[in-house]
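This report refers to the structure that appears directly beneath it.
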Amino acid sequence: MEWLTAFLNDLQLSGPALWHGFTITLKVLVMATIGGILIGTLLALMRLSSIRVLNLFAQGYVNLFRSIPLLLVLMWFYFAVPFFYTALTGNYLTIDTALVSSIVAFMLFEAAYFSEIVRAGIQSIPKGQTAAAYALGMTYGQSMRLIILPQAFRKMTPLLLQQTIILFQDSTMVYAIGLLDFFRTNYVRGDLMALLTQYILFAGLVYFSVSLIATYAVKKLQRRLTV
Amino acid sequence: MTEPKIMIDLQNVSKWYKDFKVLTDCSTQIRQGEVVVVCGPSGSGKSTLIKTVNGLEPFQKGQILVDGISISDPKTNLNKLRSRVGMVFQHFELFPHLSITENLTIAQIKVLGRSETEAKQKGLAYLDRVGLSSQANKFPAQLSGGQQQRVAIARALSMDPIAMLFDEPTSALDPEMITEVLDVMVELAREGMTMMCVTHEMGFARQVANRVIFMDQGKIVEDCTKDEFFNTQRGERAQQFLDKILH
Amino acid sequence: MNYSWNWGVLFQSTGIGDSTYLHWILAGLGWLLVIAIVAWSIAMLLGSILGIMRTLPSKTARTIGTAYVTIFRNVPLLIQLFIWFYVVPNFLPAPIKSWWMNDLGAHTSALISASIGLGLFTAARVCEQVRTGIEALPRGQINAGYAMGFSTAQLYRYVILPQSFRTILPPLSSELTNCVKNTSVASLVGVAEIISQMKTISEYTQNTIEIYTIVTVIFIVINICLIQGMNLLEKRLRVPGLIAGEK
């Protein structure tokens, strides 16, 4: 029990730092989800377009990001973001490289996965809907924005949320570039205070609980939406 | 002359599905060599009834004896019993990942323990009887519906069953193919196979059936000889059904 | 932009013996393959068993399967690997623990924990694919199998699993590519696989862009090979006439 009490005592001290780590995780999660869905939708539209260049670009993008590990992407952007910033502006990046580069990396990486979900959603809307929209005189932009995408998104919401939960779990990978997200903060504290086992298990428990509750909530949402 | 023995004996079979009573007190006997047709409107429980005979559908009340053996007796080897009763399904249910020959032999080998040579010999013999020897090495998806159903019949016969159950064998077939399957069934009946058939094909019933059972809302309403069923006045529901189906 | 390009970086000598950086990359690739093969083997074996368990009539079997999946799918992979590497060894029985801590090299113990950890993680995902594949099989096939007298074990072996595995080959192949990509996480517990080598080389040579690109290309090539391999497997296992998903 000493094992547990030592941990609980330390937890009171490390609480604020852990919370800060959690907010970092949330920042990455929220920005990556929003950015990922926006870019993903754009990619999906490009992939469905009849303009060959756009189609091929989107295909290439998605295939590229789906064949390489997330870790590699994170490392790329950790290097590339300050590199290109300096190359372009001549100044050195003063803000938190790890945070900015990981948000960019996640956005672009998850966009590839989001785009497949969005594409499937759009393709599941019957062709008759597009025909009706055009028959009324709508442009491509209007038919997409007013008719197709709203329906598609309603269908895809559970899948998009599931992908977000996956993103939440993948966010732990920022450990590799030294970003102090929730997990890394736990690790660093545990390593420092010789309570590593406890902190790792604690972090695991937190991620487990959040994922479990979120998955359950999405399932309930899915049930309500299908009725 | 002693009567042929009772092959299938249903005694007061009742089945509930949650609150809904699917079968109510169904009783009938089918003797060796008899051909019994079970008909009725959809939802009457006829498919469910035939599936209780080989234990594919459990039932809560009553008893079913196949060749004297009780289906619900825990000591009964249900798998062995099933292997002795052939069943032909509405959707053929050939195993799509196996060739025709393999479909015919797999249960013979794995359930009855026959050797591969013996199983092939028997299976191909029955395949020939249903007129499809040339298809032996094809796969089910390459055959038409009528062909698949004939193979399904050959598959069931390869097990040397004591009785054959048919669950709407022609309902999923295009009209042109119904005849080829019914012809096989007629021949089977003429050779003395004990058969219980759920079907809408009254022509088949008139040709070879000994008895007709009419079901409505889970109950056996009529259970009489073929002649009595078609030529004499039956109960109201049966008459309604006959009028609709024969005209 | 002051960056000195050097695309021949791999052929440079590392300064350690007469190995070039190419040797390091190949070593990294080798460890990647070791982890991937061990992990995938564990995943396929355990995942298939769990997937089948989740579809069995026994409530105990189903609960164990569900519990496993719930735990292993809701804890991030990185944390799972950390648990296997940092936490579990502390709870090993004394003789094994001392062997693990003292006699086993740091790299080997990292290798073992990473392979097991990745294997168990991927098993949960394989389990779900197998389960979905089994549940997608039409009820009629199961009825047909039972009707012929197959026992439950025979039914799974000869009817359900051969069909289900063919159905799930496409999503299973994407799980395989995920597994291979996930081996990169092992670098964070100290395995000298390819990402780890990439980091080291870029620190030594400062030729970050070149070495990162080379490793990226290697992953793309691995991915293409895996997909082609799976396509080939699918073609060889394809049943003539049957397009996956159609009947």
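In order of appearance the chains are A, B and C, and numbering begins at 1 in each one.
In this text, contacts are C-beta pairs under 8 Å (C-beta built on N, C-alpha and C of every residue); 3 or more make two chains touch, one makes a residue touch a chain.
Keep in mind that what you see is a predicted model, and the values were worked out from it rather than measured.
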{"item": "Farthest-lying chain, centroid of Cα atoms versus that of subunit B", "value": "A"}
{"item": "Central chain (distance from its CA mean to the mean of all protein CA atoms)", "value": "C"}
{"item": "For subunit B paired with subunit C, centre-to-centre distance based on mean C-alpha positions, whole Å", "value": "48"}
{"item": "Geometric centre distance via CA averages, subunit C-subunit A, whole Å", "value": "22"}
{"item": "Rounded Å distance between subunit A and subunit B, as computed from the means of their C-alpha atoms", "value": "56"}
{"item": "Of all residues in subunit A, those that touch subunit C in their complex", "value": "64, 66-72, 75-76, 79, 87, 169-170, 172-173, 175-176, 183, 187, 196-197, 200-201, 203-204, 207-208, 211-212, 215"}
{"item": "Residues of subunit B that touch subunit C when the two form their complex", "value": "51, 54-56, 79-87, 89, 91, 93-98, 106-107, 110-112, 138-142, 155-156, 159"}
{"item": "Contacting residues of subunit C [partner subunit B, same complex]", "value": "138, 140-141, 143-151, 154, 158-159, 162-163, 166, 239-242, 247"}
{"item": "Partner subunit A, residues of subunit C touching it in the complex", "value": "1, 70-71, 73-80, 82-83, 86-87, 90, 177, 181-182, 184-185, 187-188, 195, 198-199, 202, 208-209, 212, 215-216, 219-220, 222-224"}
